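Alright, structures below, take your time with them.
In the two assemblies presented below, chain A is common to both, partnered first by chain B and then by chain C.
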Partner chain A sequence: MATIEQKGMYKVFPRSGKNVSFTHYCPGCGHGIINKLIAEACAELGLQDRTIFVDPVGCGVFTYYYWDAAHISAAHGRASAAATGACRARPDAVTIAYQGDGDLGAIGFNNAFQAASRGEKFGCIFVNNSLYGMTGGQMAPTTLDGETTTTTPFGRDPALTGHPLHVCEVFAQLKAPVYIARVSVADTRRIMQAKQAIRKVFELQRDGKGYALLEILAPCPTNFKMNAIDAAAFCINEMEKEFPLGVFRDEAKESLAVRPVPRAASCHDLFLEKDAVPAAETDSSFAERRFKFAGYGGQGILSLGLTVAEAARIERRHTLWFPSYGPEQRGGSANCSVVVSGQPIGSPTVEHPDVLVCMNQPAYERFVGDVKKGGVVIVDETVPVKVQPPEGVKLVVWPAIRMAEEFGVPKAANTMMLAALKKFDCTGLSGESLEKALVASFKKKPALGEKNRELLRLAESGKSVK
Partner chain B sequence: MVLVNRENCKGCGRCVAACPKKCLEIGEELNAMGIKSVKYKGEGCISCGICFYNCPEPYALRVEK
Partner chain C sequence: MTKFVKGNEAVVMGALYAGCDLYFGYPITPASEIAHGAAKWFPMLGRTFVQAECETASINMMFGAAGAGRLCMTATSGPGFSLMQEGLSYLAGAELPAVVVNVNRAGPGLGNVYPEQSDYTPAVKGGGHGSYQTFTLAPASAQEMFDLTMKAFEMAAKWRTPAVVFADGLQGQMMETVQLPERELARPDFSEWAAQGEPKTRENLVKSIYLDAAQQEQFNVHLQEKYAKMAADAMGEAYLADDAELLIVGYGISGRIARTTAEELHKIGIKAGVFRPITLNPFPREQLAAVAKGRKIMTIELDAGQFADDVRLNLAKAGLGAEAAGVNMVNRMGGEVVSVDDAVKAAKEMV
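Up next, the complex of A and B:
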C-alpha cells in the first residue's frame, strides 16, 4: 500500500509560539503547492542532509518552519547573494535560493542577475505572482499591463511604470546558467510539470552542474481579489500570455563538465607561503604595541604597516592591520593602524599609538597629539615640525625620503622608515623578522626584495646620511 | 482513498476543482479555525493523488492506495 503524503517537511510548525501543522499561507496560495513540491523533491532525492535553503523576505519568509533541511534567512532581495556565499563556502552542499518577484525582480534583481552571470553553483526558485503579496498587493516589476493592484488602482499604465519584467528571458541572455525554465502551479498538468522541473533543479545542484533558474507562476487569490479557482485561471489565461511557459535553457546534459568551484583565497595566500604560517601564540609577557603609519597615498604607508604586521606574524604574535584611506588610489591622505600583541586583539583601531610614523606634514599634525607618553614619533625630515609632540614623547627626525633618493630608489622611502623603526628598536620585534617581512612583501618581485633588504641595512647603518 | 485532516484545510477548493472523479466537496461544518473545510463524498476515489498535489497545505490531504 503506497501512501501519497507530504515528505521532507517538519511534522509541526512552531510558529507564533504555537505548534500547528498548517502553513501561514492564504487559502489557495501558490506558495503552498510549490513548498510541498520542493520539500518532496529534496526528500525523494535524499538530499535533506546536503541542502541549504536560502529563504527570502516576502510571503515565502517562513519556509524555514516547513522544509526539514538547513536554512539561511537572507535580507530582502539578498537570497542570491547569500546563496553565493553558501555555495562557495560549502561546495558539496545543494544550495537553493527561494525568492519572490518583489524580492528577486525588484530590490534583489542585481544580485540575482550577477550570481546567474557568474554561474554560481546554486538553484534559484523564483515565485512570480505578479505583485507584492506580503505587503498588501502593490505593483511589482512583474505586474501585468493593466493589472489592478493597490498601487495601480486603475491598472498598470505602461506609460507611467513600464512593462512587466521578464526575468527568465533576461537571464537567458547570460552565458553561464545551465538551466532556465518557467512553469506554473495553476492546474494538475502544470503542477506535474513544475514537480519535474523542481526535481531537475535539485539534481543539477546535486551533480554540481551550475546555476539554474526556475520561475514558477503562482496564484495569489488574496491580492488578485479572487477565489482560488479564479486565481488559478488568471494565471493560465492572463499571466501566461505575458509570461509563456517553457524551457529557455537546458545545457545540463550528462556530458557537461562539472563547473569547478572557485578556490577560496586565504589571507596566507596573499602573503608568504601557506605552509610557513603557524597560528599566533598567546604570550602575556609581551607588551602590546600600537602603531600608526600616516602620509599620503603612494608613499608606501600602507605596505610599511603591513610589513610590521607581517613581522609580528612571523614571530607568532597576534596582530591586526587596519588601513584608512580616501577614494583616491594615489595622492590622498592615507594611514594605517597596526596592533601587535601577546594576546588576542579586540579592536584594530588605534587612537593612541605607541609609535607614530609620519611621512608628511598633515599626517604629523593630525596625529602627533595622540601619541602615548613614553612613545616615539618618527617623522621625515621634510616635515616642518611646527607642533611639538606631547611631553614624554621622543621625536626622531629621519631623512627617509632623502636617503631613498640618494640610493636612486625614491619609492623606497618606506623601507628607509622601516630602517628607523629597526635602528631605534621601536617595534619590539627582531630585526631578522622585520627583514624577512620586508623581503616577503616583494614576493612577486624577488630581486626588489633583496635590493630593499640591502637598502634597509645601509640606511640603518647611516652610511648615506650626509 | 483520500483522507482529509479537516483542521488543516483552508477550504480553498483547489482539490474539489481538480478531482477527476468529483468525489470531494466543501462541507457545511466549520473546523476549529472557523473554515468550511473539504470532505470526501464517501465514494468514487481512485487514489490518483491529484487532490494532494493541488492542495497548498502539506497535511490537509493524504491518499492511501
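Up next, the complex of A and C:
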C-alpha cells in the first residue's frame, strides 16, 4: 500500500535512516517540493490513470522518474505544443504540461501563449526560478533587474536586455484561460497555498473546464549561489517584488460549446457523388491532345479548361488539368493546361499544345510560337494578331467577348470560346459531352447551366452574331 | 467511385481513409489546399483540425498527439519543412508514427511557390539532428497523392517512424481523377507504448532521451536495424525497361516526364526505359539495379543533382560502380520544369 510519502510517486526518497536516497534535484531546489505537490494532487483526486504529463527540457526533464502516470517527454520549449496535441488526441485525459522559465518564457513562449489563447484543455504548471537551471544559470526572461547570472555576469542591465517578463500578467490579457495564478514554494505557508492551487489545476482539467496556467516561484540555490535558506529568502524578498503572488483569473465557467458542422458518417458518405463518372479506360486509338488556355483572370479561363477536362472524364479518357498558380493567379494573367489521352498521361506540362485558346494579347504572343504543327489557335477577335502562328497551324479569330456582351452575359465569354472548340471540333470529344460538362460546371446554379448551354448552341450556329 | 481533385485534396482524402484523426498545420503555398481540405473534412467526420501558430508548433503538436496514440499529420512546403526538422528528429527518437507532407517549392530561402524537388536531402536522408531516417514516399499523380498518403500512415504505424510524403508544387495543384477505395483502414492500437490517459497506458513513457551513452548507443543500433528491415517495403516502377539501351531515372513529376521522354525516344528509334522510385527511403536499390545493369543512365530532376548523387550511391552499393560513374543528369531549378524536348536532346547525346 502506498504510504502518504509515496502518494502519486513511483518512489520514496527517505532523507534519513538506512535507505537515504536522492532525487536528481539539488538540495533546496523548489522543483522537489513542486513535484511532490503535483504527485499528491494527482493521486488524491484519483487521476493517475487519466493523466498525461508532458515533460519539459530543463531541470524538470526527469519528472517521469517521479510521477506515477503516463508521460510524454517534449522538445525544449514545446511542452505546450505537445500538450495541445495530447489533449486534442485524448479529450478525456487530464493533460498537464510542466515547464520552466527558459522553456516557457523564452524558446517556447509563443507556443504556450497561443495554446492559452486557443483555450486548449490542459493545465500548464510554470516554474519560475528567474534563470536557466540545468544549462548552468544563464539569464532567463524572468531574471530580475540587476540579477547576476552566467550570461549577465555584471548583473542584468535593463538598458540592454529589458525587464523581467511577467508571464501571468501577459497571459491574463487573453480571453480563453479559465485560471491564471502565481504562487510560491519558498516557505511552509506558501507551499500550502501552492498545494491548493495545484489541486485546482487538476480539478479544472478533470472537469474539462479549459486552459489553466499556474506560475510557481521557486528557489534555485545552486545557481543563485546561496544556501537553501537564503535562496528561499531571495524568492520571497526579491522575486515577489517583481512577481507578486495572486490570482489573475478564476472563472471556471462552462466550457464553450463547439459550433455544429455538417457531419458525415464515413469517408464514403462524405465523398460519394451520385453522378460520379467511372474511371478512365485505356484506348490507344484515341490520340493524345494537349491544350493551353490563357487570358486575364476573371475571363473564366480556368473553368473553360476544367469543362474540357470534365468532358474528357465523361468519355472515360485519361485527363489532367493544371493551373498557373500562386502570385501569378492573383495578377493579370491566368492560364491552365489540359491533357486528354487514351492512355495514362506522362508529362503533365504542355510544351507544345495541339490547341491554344487565347483571350488576350500577352498570352497569345507568349504561347503562339509553341503550338504543334497541325494544331489550332483560337484567339478572341479583340486580340491584335501581330505575330502569325507557325506554319501548319490553323488560326481561328473568334468573337467570344463580343458575342457574350451581345447576349447580355459578358461573363459567358468562356462559354463562347467553348462554342468555337466544339464548332471546329478541336477537342476530339463529342459535343454532347462538352455540353454535359458545361452544365455540370454550374452544378450549384442549374439555371445558369441551362442558360449557358443555350448560349453555346446559339454561338456555335453563329446566328446572333452581327 | 472517382473524384476529379487537386493532388493536395487527394492527400487529405487519403489521410482520412487511412484513419488519420488529427491534422495540425500552418498555411503555405503551394500546400495550402491540404489545410483547406482538412479544415473542412476532418470536423465533418468528427476528427480534429488545429491551425497551429507556426510549423514548429505543428510538428510538436504531432509529437503530443502521436505520443497519445493517435494517427496525425501535417502538410507544408520547403520553408515550413525546414522548421519541422527538429520535430521530425524527436518523432524518430521517440519512435512515433506520424505523417508529414512536403509539397516542395523552389528554394533556397523564400524562393518561389513553383515546383522543385530540391528538398530531397532533408526529405529522404533525415534532415534533422541525429542518425535517424523517415519512411519517404514520392507520389507522381493525384491517385498516388491519395494512395501513398494512405501508405505513409500504414508504414509509419508498421515501423513506428515518421513518414514523409514528398511531392511538388505542380502535383499539389494539378487535378486528376482519383479512384477511392471501398473501405477505410482500421485504427492501429498503440496502447502498448502510447500515453493515452487510460489505465492500461499509465506505465507508458514516450521519450527520446537516454542520458546514459551506452543506452543511447544501443537505441541507435536498434534504429539502424529497424531501418535496414524497412528496405523490404521499398517500391519502384519500371517502364519499357527490359530491352532499353538507356535508362531514365526520375521520381514524382520527373518520373512522368521520363515516361513521355522514353515514348518520344522510341518514336525516333532509341530504346529508352524508365525507372521511377516510388519510395525514396527505403530506396528501391535492388529494383533499380535489376534494370540498370549494363545500361546508360540519365536522371531527370528538379534540383541541383541531389537525386542523381543518390542514384549513383545506390548503384555503387548494388555493385554497379561502372553504371554509377556514367550517370548523367538533366535538371531544372527555380520552379522551371524539365521539358521533354530538353530531356530527349540530352538522351540523344548519350546514345
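Convention: the second predicted complex is superposed on the first by the 237 of 466 C-alpha atoms of A that agree within 3 Å, B and C clash if a C-alpha of one lies under 4 Å from a C-alpha of the other, contacts with A are read in each partner's own complex, and residues count from 1 in each chain.
The definition used in the following text is that a contact is a pair of C-beta atoms (placed from the backbone, for glycine too) under 8 Å apart; a residue touches a chain by one contact, two chains touch by 3 or more.
Predicted, not measured: the structure shown is a model, and the values here were computed from it.
J.: Please work out whether A:52 is in contact with chain B alone, chain C alone, both, or neither, and reply first, second, both or neither.
T.: Once the two structures are laid over each other on A, A:52 reaches chain C alone.
J.: Now for A:90: first (chain B), second (chain C), both, or neither, which partner does it touch?
T.: Once the two structures are laid over each other on A, A:90 reaches chain C alone.
J.: Using the touch definition from the top, say if A:313 reaches chain B (first), chain C (second), both or neither.
T.: After superposing on A, A:313 lies in contact with chain C but is clear of chain B.
J.: In the superposed arrangement, does A:103 touch chain B (first), chain C (second), both or neither?
T.: In the superposed model, A:103 contacts neither chain B nor chain C.
J.: I'd like to know which partner A:203 touches here: chain B for first, chain C for second, both or neither.
T.: neither
J.: Now for A:21: first (chain B), second (chain C), both, or neither, which partner does it touch?
T.: first
J.: Quick check for you: in the superposed arrangement, does A:35 touch first (chain B), second (chain C), both or neither?
T.: It touches chain B, and chain C stays clear.
J.: By residue count, is chain A touched more by chain B or by chain C?
T.: If we count touched residues of chain A for both partners, the winner is C.
J.: Answer with first, second, both or neither: which of chain B and chain C does A:380 touch in the superposed model?
T.: Once the two structures are laid over each other on A, A:380 reaches no partner at all.
J.: What residues on chain A does chain C touch that chain B touches too?
T.: Of chain A, no residue contacts chain B in one complex and chain C in the other.
J.: List the residues on chain A that touch chain B in their complex, please.
T.: 1-6, 9, 11, 21-23, 25-33, 35-37, 39, 66, 187-188, 191-192, 195, 221, 227-229, 232
J.: Under the touch definition given earlier, write down the residues of chain A that touch chain C in their complex.
T.: Interface residues on chain A, with respect to chain C: 48-52, 54-55, 61, 64, 68-75, 78, 81-90, 92-95, 110-111, 114, 118, 261-264, 266-268, 270-273, 276-280, 306, 309-310, 313, 318-323, 325-327, 345-349, 351.
J.: For the complex, which residues does chain B have touching chain A?
T.: The touching residues are 5, 7-8, 10-14, 17-18, 35, 47, 49-50, 52-60, 62-65.
J.: Applying the document's contact rule, which stretches of chain C touch chain A when the two form their complex?
T.: Going by the criterion above, the answer is residues 1-4, 13, 16-17, 21-22, 24, 29-30, 41, 43-46, 48, 50, 52-54, 56-57, 60-70, 72, 86-87, 90, 94, 112-114, 142, 169-170, 173-177, 179-180, 182, 184, 195-199, 201-209, 253, 256-261, 263, 337, 339-341.
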